[in-house]
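Chain lettering (A, B, C, D, E and F) follows the sequence in which the chains are written, and residue indices restart at 1 in each chain.
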Amino acid sequence: MPNLGNTPLIDELKSNQIRDFLEQGKRIDGRAFDEPRSISIEIGVIPKAEGSARVRLGNTEVITGIKVQPDRPFPDLGDKGIFICTAEILPLAHPTAEPGPPQEDVIELARVVDRGIRESGMIDLSKLVLVKDKSVIGIFADNSVIDHDGNLFDACAYSSTAAILSTKIPKWEMQDDVPVKIEDQESDAPITTIPVSVTMGRIGKHIIVDPNMDEWLCLDARITITTNSDGNICALQKGGKDGFTLDQLTKCGETSTSVGAKIREIIKQTKETGQ
Amino acid sequence: MGGRDTDLVLLDENGIRCDGRKIDEPRRIMIKAGVLKNADGSAYIEFGDNKILAGVFGPRDVHPKHIADTDTGILRCRYHMSPFSVTERKSPAPSRREIEISKVLKEALQPAVMLEQFPRTVVDVFLEVLQADGGSRCAALDAASVALADAGIPMRDMVSSIAAGKVADTIILDVNNEEDQAGQADMPVGYMPNLEKITLVQLDGILTQDEYKKCLETAIGGCKLVYEIQKKALTDKFFSNGESA
Amino acid sequence: MGGRDTDLVLLDENGIRCDGRKIDEPRRIMIKAGVLKNADGSAYIEFGDNKILAGVFGPRDVHPKHIADTDTGILRCRYHMSPFSVTERKSPAPSRREIEISKVLKEALQPAVMLEQFPRTVVDVFLEVLQADGGSRCAALDAASVALADAGIPMRDMVSSIAAGKVADTIILDVNNEEDQAGQADMPVGYMPNLEKITLVQLDGILTQDEYKKCLETAIGGCKLVYEIQKKALTDKFFSNGESA
Amino acid sequence: MPNLGNTPLIDELKSNQIRDFLEQGKRIDGRAFDEPRSISIEIGVIPKAEGSARVRLGNTEVITGIKVQPDRPFPDLGDKGIFICTAEILPLAHPTAEPGPPQEDVIELARVVDRGIRESGMIDLSKLVLVKDKSVIGIFADNSVIDHDGNLFDACAYSSTAAILSTKIPKWEMQDDVPVKIEDQESDAPITTIPVSVTMGRIGKHIIVDPNMDEWLCLDARITITTNSDGNICALQKGGKDGFTLDQLTKCGETSTSVGAKIREIIKQTKETGQ
Amino acid sequence: MPNLGNTPLIDELKSNQIRDFLEQGKRIDGRAFDEPRSISIEIGVIPKAEGSARVRLGNTEVITGIKVQPDRPFPDLGDKGIFICTAEILPLAHPTAEPGPPQEDVIELARVVDRGIRESGMIDLSKLVLVKDKSVIGIFADNSVIDHDGNLFDACAYSSTAAILSTKIPKWEMQDDVPVKIEDQESDAPITTIPVSVTMGRIGKHIIVDPNMDEWLCLDARITITTNSDGNICALQKGGKDGFTLDQLTKCGETSTSVGAKIREIIKQTKETGQ
Amino acid sequence: MGGRDTDLVLLDENGIRCDGRKIDEPRRIMIKAGVLKNADGSAYIEFGDNKILAGVFGPRDVHPKHIADTDTGILRCRYHMSPFSVTERKSPAPSRREIEISKVLKEALQPAVMLEQFPRTVVDVFLEVLQADGGSRCAALDAASVALADAGIPMRDMVSSIAAGKVADTIILDVNNEEDQAGQADMPVGYMPNLEKITLVQLDGILTQDEYKKCLETAIGGCKLVYEIQKKALTDKFFSNGESA
């Protein structure tokens, strides 16, 4: 068996059980193949941040905080604000998680979540310019995984999205070439659409939505497809040690739209519940 | 102390502090044990505006192996602030301040944990500050102590922690963020209430010998209040089915 | 997609793209196998303005040893851009983008390599982008696949790769740099032509379900073209004395 | 036994000897419990630096160099100069010291020394402003431990303090928004008080001042208390694997004032002796 | 035997063979003692870079790309442009090369190549100033070793030199204190001389020019001497685990001029050949 | 050479240099052996305005073990500049320059140390530049050599070091900081006086073949002067009770 340090392993018995169940059309936790785990979303959990959310996807749990602050624009993108998304699996989230700089799996996680939001055009970055080429508003979405039970892609994506929806953008005015914050003049973030990712895994010939940790460790391949409010696909990432057939991918595309639509309703209905 | 100039009235003529508290009154403290699924023990604390998660793993095998001790278990502690926990977004890489606090908290917990029962193993305490306010190291220590107990790790005592300080020439309990910035002294204290031992004490700011003694006594009194809240958190967990916060 | 404003006409009235290609026409692709002396296998690809070297070592002993797997060989992949490969000089330290692409390419190659025949060993694939253009990860994957075959490592299939995309509401093959910057979607695909499996697929940009399917089909068609070029590179090496590029 | 790489260890025999002596009211090197080791201080040892000192505390030896240079102020502290204190245990200082980025013990060392000086208000940082919010003077005190025989806290603190007292602040004038150094117009650093730290260790029920390396390795707990010229306490740091009683800490507070007063006289009397 | 991770080793048999041959006045690949391996130089291999070259020195192969971009000058050198040279042994260049930050041998390699070019005055940096003290042109020469068969010093030096000779400097004009590139107005780099390094190794009492990898691993000592177009020495670096006598070094100096002159002709005759 | 424009007269009509020395006159050199308590061997050198400490540990066990050599001992060397050693405060992290000099000094000392007598062990040489002036690598090498001897490590010879250079078209001994900045060439040389071997030589600046030879000879002459000072430092230590500097 490989000894990969901070990757969890699964025993063969559990793995065989998962496969046997799938052959019988069942999942070990009783879900339908295209059924995500229960989703609970709270916003405003970090009141001092400009936006925040906590998402539970089954036993996977993520907290996202949004910081909004003036920044210099990227070169050649002087007419756009900045959006940056990061992720960290906190070492308290799983016995195999370790503190330290992010490994390739966490970098991929952050970039996939980032890309889903960015490519959907969720945030109208052209509305976040203070002075073209000089000063823009940056939105930083930092995801902290606090309990890891598989499929961090969707948990972080839902949490980031809910947190962005809850975000208040402060007002800055330029004074002496320096952005100065005007108190009590905040506005909603400029939102154009609500992206929803759906991660599907393949075990043998079966495709399952939102694999939990035990299933995750048995996956032959996985794909994360993000759709926007129109039901169109806006980002996509294949992973895992094997591939997909064209038919499987086509089917996954359709599932991402149908399952994504239901989850989008859950995200939309999130209200600030306090703690 | 930052010693910033400010118009803030830290203590009014009625002995009421800037956030409405009396001089010996702690902020709101809420502790919940067993909030995480994967950690061996965990706790969540809200202490004023601090929001901190503690997760404990162990005793477990040590990696890298060469740091294991054949005579006793070892304790590791990581105090970390989320990027969104403070006003100006913080880089996720650990700062020198976080590294120092991690060490101070480890040494504050060590006397309470019966590490000698678990040679060659490690107990890991991970503290994540989700939202920071004055006194975050005290709050983290309170949560860590509950999480260790929640993990079932044999302990000699709890460690309870709160700061005392000085504002407007008066010794106060539980320094908040404004008092830390504009006040005269801040002294975080960690205390084992049954063994009557101080396991954490630091100080920023100037105190006479008398004030120093008064500060220690005030903090110890506060630690005893915190201890009751810690015990209740563990009892609540024990008599509930462990719903998370 | 960058979504930059531009006056560039990406597709003219005759269905001709900004670089003169038809919608289903790939850029010039040249692959040469066996270009390096020290690597166990190697390839050099020019794909549009991409210039990429691939070098393979292995199967060989794993360092550090604890990452070895007693059941199977492991595959490592490093995609790296030379400082001079892009317009603005790039720091030689690997960026987050390079780390992600390295992982995606590793997982795209893994299904094709019979790693189970070489337990406890590692196969290392090193990809160096000397000059970058649109589609560099596809070109790197094409070269990697040839380099693995050149190293004599048992493979189930080649992995052939090219992107499809969308510009001016039309699905096109092989997105170049301008089309990537100003177009509507870019979908790199890696494909095993004999096993008919897609081992790499990513997407930036917006597609309807129909366009998504069309994109996949277009890319698969392109991969089959690339496959012929990959085979020719290996045949040329085999029947020549391996002169380098 | 733990194998902590760069932490020195002590053999049980020596440890028992130290404890036996303490029971008899004695220390292994003959000192009284509240007696620091001999202190020797030289200043001006690095003539090219703006200030410098070498301190020998028994067989522990530290060199501090002070660099003074213009810098940008910290955000929100635009009306204050900058003071930063660092520490390094040079690898030639002890067989267990290793080159590389500072470990947690060295970071704590630097921060405790920094805090003692900073919280005492020793340097009036408000006197080090060139242009408010734009340009201030920075004072960097870098401590290099060259021989490590325990209690680096006090050795570095005395050396930093003596070096600061010896520091000459060059004069800068703003020209085209850039600070330009005016030659031969330097002044003393703006000093308000002389902080002195006293580090005490507990072995069993005994409290000893300025533990040497052998004692240091036997400590149950330690505390560093810094007092200012008024004899008031201005900074404090507990360390070590066990705690203190309230009585012990109260007693330590008093000791810090009485012992500190004597050491302050030694620091005050330091004259530039040359090499 | 040492286990130095990424340093190649040589077996004793091969080592003895090399030494035996040298005793007979021969080298294992048939070259004369003062004969470098065949040199082939191509320029323009990275058309998008401002300059580039590929050099094959026997089976050692290096690609150099030159990037030219505006930068801030170094403090105190406000009337000079910037020249920086780096080197990397790509992990595909040799089974012992490993990815990661450069080790001491690669840092030395880059600095020796940099020094040869810099000290010769090859590039007239005073011609690369846009606004004194504010904005200058930087020339970055990055060397990527793609096949490692010994003597990277000379291979990287020739490749950097050829790449610099092929470099076109774009024109920038200051607009609003920012350098703006003027399209299609590039000029040749301001070249004053052509430096050529010659690396010689000592095995026993024999000095050989341009050691290949097998010879390299047997070296007692090595020296890299760079001469300019006048045949004068402008940089020099000794390496290796043993030394040289004065006579040996004097002889090496002469060899560097004579061999360097021939190689300079090869570099001068390089034409853009395309790929 | 920096080649900075300057009004400095580097050599006047009487052959006197900017600091009053004659062309073949070294700066003041003072070496003291055995200045550190914990190091196995040590030395302190003042060479012009250079102030450098050398400390040696070993032969001792190697960590990490896998770099040990079963055939011979290994030598490690770290040349490091204190943050306060230069005009502009230096970051404590090792620069590329310091890493290169560490390697060059290691290779300059290696021929002199009988490492083959101590297989599987390491000798560590730590050099700390407390105050930097021209020629700090030479001064560091001189101190390192004395510290190695002070540690009782068997040596074939001392290594003595000083630079020669060229200012105002004249070959001079021992280049100072101003001469390094404004002069024409700087050539640090390390030399084993009894074995007559040059173990360190570098050059910045332009020399004809004749000047090159003259420079080497001048430096070797200087090394012999340094050697006497090194020997005296060791004798002084041996016949004193090792009072520190």
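One rule holds in what follows: a residue touches a chain if its C-beta (ideal position, glycine included) is under 8 Å from a C-beta of that chain, and two chains touch if they have at least 3 such contacts.
Here the structure is a predicted model, which is why all the values come from computation and not from measurement.
Shared contact partners of chain B and chain E are absent. Of all chains, the one whose Cα centroid sits at the greatest distance from that of chain C is D. The greatest centre-to-centre gap from chain B, using C-alpha centroids, is found for E.
Spacing of chain A relative to chain F, judged by their CA centroids, is 57 angstrom. Work out the mean CA point of chain C and of chain F, and you get 52 Å between them.
Averaging Cα coordinates per chain places chain D and chain E 48 Å apart. Shared interface positions of chain C, i.e. residues touching 2 or more other chains, are given as 88.
The set of chain E residues that touch two or more partner chains comprises 5. Chain contacts here close into one cycle, and each chain has exactly two touching partners. One ring covers every chain here, and the order obtained by setting off from chain A toward chain C is A, C, E, F, D, B. Chain A meets chain B in the complex at residues 5, 45-49, 52, 59, 61, 63-67, 69, 86, 88, 90-95, 99, 101, 140, 142, 144, 146-149, 275. Residue ranges on chain F touching chain D, taken from their complex, read 36-40, 42, 46, 49, 51, 53-57, 60, 63, 78, 80, 82-89, 92-94, 124, 126, 128, 130-131, 245. Chain D meets chain B in the complex at residues 1-5, 75-77, 104-105, 107-108, 110-111, 115, 119-121, 223, 228, 231-246, 249-250, 253-254, 257. Touching chain E in their complex are the following residues of chain F: 1, 3-4, 66-72, 74, 88, 96-97, 99-100, 102-104, 107, 110-111, 187, 192, 195-209, 212-213, 216-217, 220.
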